[in-house]
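In the two complexes below, subunit A is the common chain; its partner is subunit B in one and subunit C in the other.
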Partner chain A sequence: MNVLENERVTAFVQRSREMKYVWIGFLFFLLIITILLSDFIGSVRIPIQSLLEIYGSQIPFLSHFVPHGYTLAQEQIIVQLREPEILGGVVIGASLGIGGAAIQSIFRNPISEPYIIGLSSGASLGAVASIVLGFTIFGIYTQQITAFVFGLSVVFIVYFFALKGGKIHPTYLLLTGVAVSFFVSAIVALLLFTNINLQGEVFFWLLGSLENINWTVLYPVAIVVLITSYAIYLQHRELDAIQMGDMHARSVGVNVERTKRITIFMVALGVSASVSISGLIGFVGLVMPHLSRMLLGGSNRHVIPASGLLGAIFLICADDIARGIVPGVVIPIGIVTGIIGVPFLMYFMRKLTGGRYEG
Partner chain B sequence: MNNHLKIVIAVVVVLAVVVGGFVIYHEDATGKAKGEIITITTGDNLPYKLTRIVSLDPAATATLYAIGAYKYLVGGNSYDFYPPNENLPNVTDYPSMDLEQVFNLSADAVISFSNYSRAQVSQLLNNGINYVFLSADAGVNFSVIEKQNTLLGELTGTVPNATLINQWMNVSLSALHADATSYDQSEYNSTPLRGFYYLSSYGGYWTAGNDTFVNSYFQYADIINIAAPYDSGFYTINPENIVNESPQVVILDDSVNASSLNASGSPFESSPAVMNGKVYTTTTNENMFSEPNFRDIFAIQWILFMVYGQNPALPNFPINLTYNPNPNGVS
Partner chain C sequence: MKVEIENVTFQVPSFQLGPLGFSVEEGTITAIIGKNGSGKSTTLKLIHGDLKPNTGTVRIDRTKVSSLSSLKLAEKTSFVWQEIFSPMSFSVRDVMNVSGYKRGTDENRMEGALDKVGLAPFIDRDFSVLSGGERRLVTLAAAIYQDSEIMIMDEPTNFLDIDNQILIYNLMKGLREEGKTIIMTMHDLDAVHNLADSVLILRDGKKIAWGDTDSTLTLENLNKAFNVSFHTYNTVNGSSFVGSYNG
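Moving on to the complex of A and B:
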C-alpha cells in the first residue's frame, strides 16, 4: 500500500467515524422532537400556547417572565402526568437498549437480551409476591422495591450457579438463566394460583406500563440508570474484544472475567431499577442493539449510545400509541411493543442489513 | 485519582443535583394540600364539603342522586344506570382510571369501588384530590351500605337525606323478610328454598359467597344461598358442589346464557331449578345485583315476586325524586 492509498484509507475511516457521530447526533435530535411531540398526546387536548407557557414556568429564574395563561388542571396534566411518563420512557427505553447491547456482546448471541439472565422472572416474583401476599413494608413503593430486589437477587443466583472455577462460560450462563427463570416463573404461577382474584392486577404488571411513573419513583431510577449506563459505556473496548471470543479478548489484554462481572452487574442494576417501575417491557432490549448495528456497524463505542437512544425513542413512540389509540384507555405497552415492533424490525432487516445476517 | 474518574464523579454529582432540584420543584409544583383516602372506617375528616366529585362507582352515583348531591358530580362512568339520561362526562375507569380526565375536571374527590394501583391513588392524593373508596366486595352487607350512605351524606352535606334513606331501608328489610317468611311457610311448608346466584360463566361458575350483599338478598328472601358455605366474596364455585347442593332456584346475571344450564354436562342439568323452570334472569334490573346501594331493596322485592309470585309492598321512598328509583315499576 503506497502513501496515497494509506491517506485515502485513513480519510475514509475518519469520514466513516464522523458519519457515525452524525447518526448519533441525529438520533439525539429525534429523541428531543419525540419528547416534545409526545407532550401533546393524551386524552385531554392542551393548546400549544398553554404547553409552551407550562414549559417556561418550569425553567428556574425564567418562570417569573412567562405568562401564566394556563389552568392548574393543565399544569397538573403536563407536569405531574405526561412529563414523568415520557421521561420514564426515555430512562427505561435507554436502559433496556444499552443493557441489550452489552448482554449480546457478552453472550455473543443475537437472541439474548437483559431478561435472559433471570431479571424478568425475578422482578415478576417480587412484584407478584408483594401483590398476592399483601406486603406493605415500604409503603406505596413496596411493589417497585420488591421487584427491584428480587430481580437483582435472581441475577446473582444465576451468576453464582453459572460460575465454574472462577470463570463464566456464556453458554452455561445462558442455560442457567433459562433454567432458573423457569423455576422462578413456576413459583409466580403458584402464587397466582393461591389467589386467582389478583390475576388481573398481576396481568397488567406483567404486560408493562409507563402510566404509573411519577417524579418520586423516576428520580432514583434515573440516577441509577445514568450511572450504570455510563459504566457500561466505559467498557465498550473490552466488550468489543469479548465479542470476538474470550481467547481473543485475553490475547489483547482484556480481563475477561472482570469485564463480564462488571457488565452483568451494571445491566442487572439498571434494568432491575427500570423494570421495577414499569413492569415487563419486552422487545426493546432484544431488537434495538440489532437496529443500532445495522445503522452504525459493530463497534460498541457507537452501538451502546445508539441502542440507548433508539430504545428511548421507540418506547416513547410505543407509549404514544398505547395512550392515543383509544382515547382515555392506556393499552399495556408490552402489547404495543410486540405488535408494532416486530413488523418494524422485519422491515429494517430487509432494507438495511444488505445480507449481513445471511449465511 | 485520574482525570477520567474525576470527570465521571463531577458528571454524576451535577446530574444528581440537577435532577434532584427538578424533582423537588415538581413535587411542590401544584401547591395544593394533599388529598386523603376516605373509607367508612376513616370517616369524614375533611374540613370542607366536596363539590366537584368524579364517581367511578355506579352505586355511589345512584346514592348521590337520591340524597340530593347529584349537583356536585362533575364526572361519571360508563356503567352508570341510575339516574337515567345522565349528562356527565364519562371518565374512563378501566383498566385504570384516566387521571388526565380527572385532573381536567378539577375534581376534589374520586369515588371508586375498584382497587386501583397505589401509584394511581398516590397521584390523586399528591395533587390534592381525595380518594373515597367504597368497597363492593366481601364484607359488604346492608349495614355497610347504610354506613356508605351516611359517609356520602357527610362528605356532601346531605346527612338528613342519607338518614331518611337508611331508615327507609331498615323498615323495608324488616317488611320484606317478614313477607318472605310467611310465603315460605304458607306455600312450601318446608325448609327454606336452596338458591344459587350465577354471576358469570367466564372462567368458571362465578357466584356470590358468604359475606356479600347478594348473600344478604337471599337471607332476607328466606332462601339458602348454596354457595355461602364454601367461600366468602365473589368466587368460582366447584361444579360438584352445585350438583351436590341441587339448587331449587337459580338467579342468572343477564350476561349468562340461560340455555347453557340445560346443556349436557351442566351441573344444573338435573337440578330442581331447571326441571321446575325456576331460573330467573336479572335482565331488567339495571345492575341491582352488582351494585351495593339502597336500590338493593328492590332486588329483594324482585326475587320475592319472581320466586314466590307475590308482590310485597314497600314503604314509600322518603325522598321525592324525578326518576323512580324502583326498576320494578312500582312507585
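Moving on to the complex of A and C:
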C-alpha cells in the first residue's frame, strides 16, 4: 500500500470516527431493514403485502384496521417460525457482540471473546451431557437449561480459581479460562467418544443454529440479554479506564474489582442464556467489537452499542444464508460464519484499515 | 494536603524497602532519586496505596491511604505512570475522558490541560500512533485534567526531548504555585536541584538521606547512593554544578 493510499485510509477512518452517532443510527436502521428482508427468506415465498398485513395484525389497536388477506399457513410461518428465529438472531448476536467488547476491555486483549472464560466449554458439557445421558428433568427444555447452568457454573469455577487476594489479574484469568476450558472440553470429547451414535445430534448444537428457537425460549432469554446488556453498557466508562491498566483505572477513581465482577457476571449470564438456545456460535464475539472500533473509535460508550448492532445484523445475515443457500436444507450457522463470513469480514477489515489496525 | 509516611516497610522475596519515614508539605515538589531498583517507584506506589506496606502507615491529609475508596483517592491524588497500556483505538480525547471519571467531562478544562503541554490540536488523534514523548505529554495533561491536590509522577520526563523537558519543569513550577503537591521520581539531578524543595535519596531500598534539596543533594550523599564518583565542576561562567562524568 503506497503513502497516498495510507493517507486515504487514515482520512476515511478519521472521518468515520467523527460521525459516531450517525453510524449508530445507520446501524440501527440497517438492523431494521435486515430483519424485514430476512422475513422473506425461506422455502415458502410470502408476498410483501401479506407480510405487511401480518406485521400490522400483531400491533395492538392497529390490528383491527388491517385487512387480513393472508392465509393461516403464511401467518404461522411468519409468526411462529421466522420471527422467533430472526429475533433470536438479534438477541444472540447482540449479546455475543456486547459480551466480546466487554471481555476484550477487561483482558486488554484483542483476541479474547466471551467464550474464553469457560462459557462455551461449560455450555457444551451441559448440552452434550443432557443428550448423551438422556436427562429429562426440565422436560423438553432440559438441554437449554443444562447448557445455561453448566455454562454459568464453569465461569464461576474459572473466576474463583483465578481470584487471588480479592483481585483478578487479567492474564491469570485468561490462562485459567483456557485451562479449565480444555479440561471441560476433554470431558465433552470423552462423552462423544463413548456415545458415537449420538454425535449427529450433538454436532448441530456444537456448530450453532437459530432454527429451534421459539417464542417460549426466546422471551426469557431476551429479557436476560436486555438486562445484562444494559448493565454492561452502564460500565462503559469503567471499562474504558480498565483498558489503560488496573492501576491507572484505580488512580482515576474506578473500583476495578467491582467492575470486573459485575462485567464478568453479566457477560456470563447473557451469553450463557444465548448459547443455551442457539448452540455455540463463534466469531461474532471476537470480530464485531473490532469492527466497531475501526468505525467508531475505541470508547466503549460507542463500541458496546455498535458491537451489539453489528453482531445482530451479522448473525441474521448468516442465518439467512444458512436457510437460503440450499433450498430445503438448513446448514449449521457455524459453517456459514466460518466459510462465508470470515473471508468477507477479512476483506472488509483490510479495506477499512489498510492492514494497519493495531487494536 | 500533607503526605505523611511513618515507619513504612515493604518486603517481597527479592527486595526490601524501608523503614521509611518522611513528611511532604503542601504546595511543594519532592523528588525521589536513586539507582534503578533502589525502590523509587515502589515508594510512589506505597504512597498511592497500590501496594500495602508490611509495617507503618501512609496518610494523606491525616487519613490512612488504605482506608480511602478509589473515588476519594482519585479526588486527592493523580498518578502519572511510567508506562500505561495503550487502549484499543483510543483517541487522545478518550484518554483524557478516562481521567475525567471522577469530575465528569469538561471540554474547556480538557483542552486547557492539553494546551499546557502543547497538544491541544492533537485531541482527536489516535493515541496509539503518537510518539513515546507525545504519549507522555498526554498522560501528564490527563493528570492535570484530573485536578487532584497531590500529583504523583514516575519519571515524568522520560522519552521527552530537551524542549519538552523544560516545558514540563515550568509546568511543575506553575502547578506548585497553584498549591499542588508534587511527588516524583527523577534521574536528572540538575533538574532535581533546580525544581525540588525536598529530596529523598534511596539505595537498595534504604534511605540514604531526606531533607531540603540544598542540604540533601550533597556530594557525600550522592556518592553513597550511586556507584560512580561525583565531583563539583566549575563552568565557564563561574557557577558550579555536581556531575559524575568528566570524559
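Just so we're on the same page, the second predicted complex is superposed on the first by the 336 of 359 C-alpha atoms of A that agree within 3 Å, B and C clash if a C-alpha of one lies under 4 Å from a C-alpha of the other, contacts with A are read in each partner's own complex, and residues count from 1 in each chain.
FYI, a residue touches a chain if its C-beta (ideal position, glycine included) is under 8 Å from a C-beta of that chain, and two chains touch if they have at least 3 such contacts.
Predicted model only: the values in this text are computed from it and were never measured.
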Partners on subunit A (subunit B, subunit C) - clash or fit: fit
First (subunit B), second (subunit C), both or neither touched by A:Pro110: second
Contacts of A:Ser153 with subunit B and subunit C, given as first, second, both or neither: neither
Touching partner for A:Met244 - first (subunit B), second (subunit C), both, neither: second
Which of subunit B and subunit C A:Tyr219 touches, first, second, both or neither: first
Touching partner for A:Val256 - first (subunit B), second (subunit C), both, neither: second
Touched subunit A residues, subunit B compared with subunit C: B
Touched partner set for A:Thr337, first subunit B, second subunit C, both or neither: neither
Smallest separation in angstrom, by C-alpha atoms, between subunit B and subunit C in the superposition: 16
Overlapping contact positions on subunit A, where the subunit C interface meets the subunit B interface: none
Touching residues on subunit B, where the partner in the complex is subunit A: 8, 11-12, 15-16, 19-21, 23, 25-27, 29-30, 32, 91-92, 94-96, 98-101, 103-106, 115, 117-123, 126-127, 233, 235-236
Of subunit C, residues touching subunit A in the complex: 45, 48, 50, 69-71, 73-75, 77-79, 81, 84-85, 87-91, 94-95, 97-99, 101-102, 124, 128, 146
Of subunit A, residues touching subunit C in the complex: 14, 17-18, 104-105, 108, 110, 237-238, 240-241, 243-245, 247-256, 293-294, 297-299, 357-359
Residues on subunit A engaged by subunit B in the complex (per definition of touch): 42-44, 58, 60, 71-77, 79-84, 140, 142-143, 196-197, 200-201, 204, 211-219, 222-223, 226-227, 230, 234, 327-330, 332
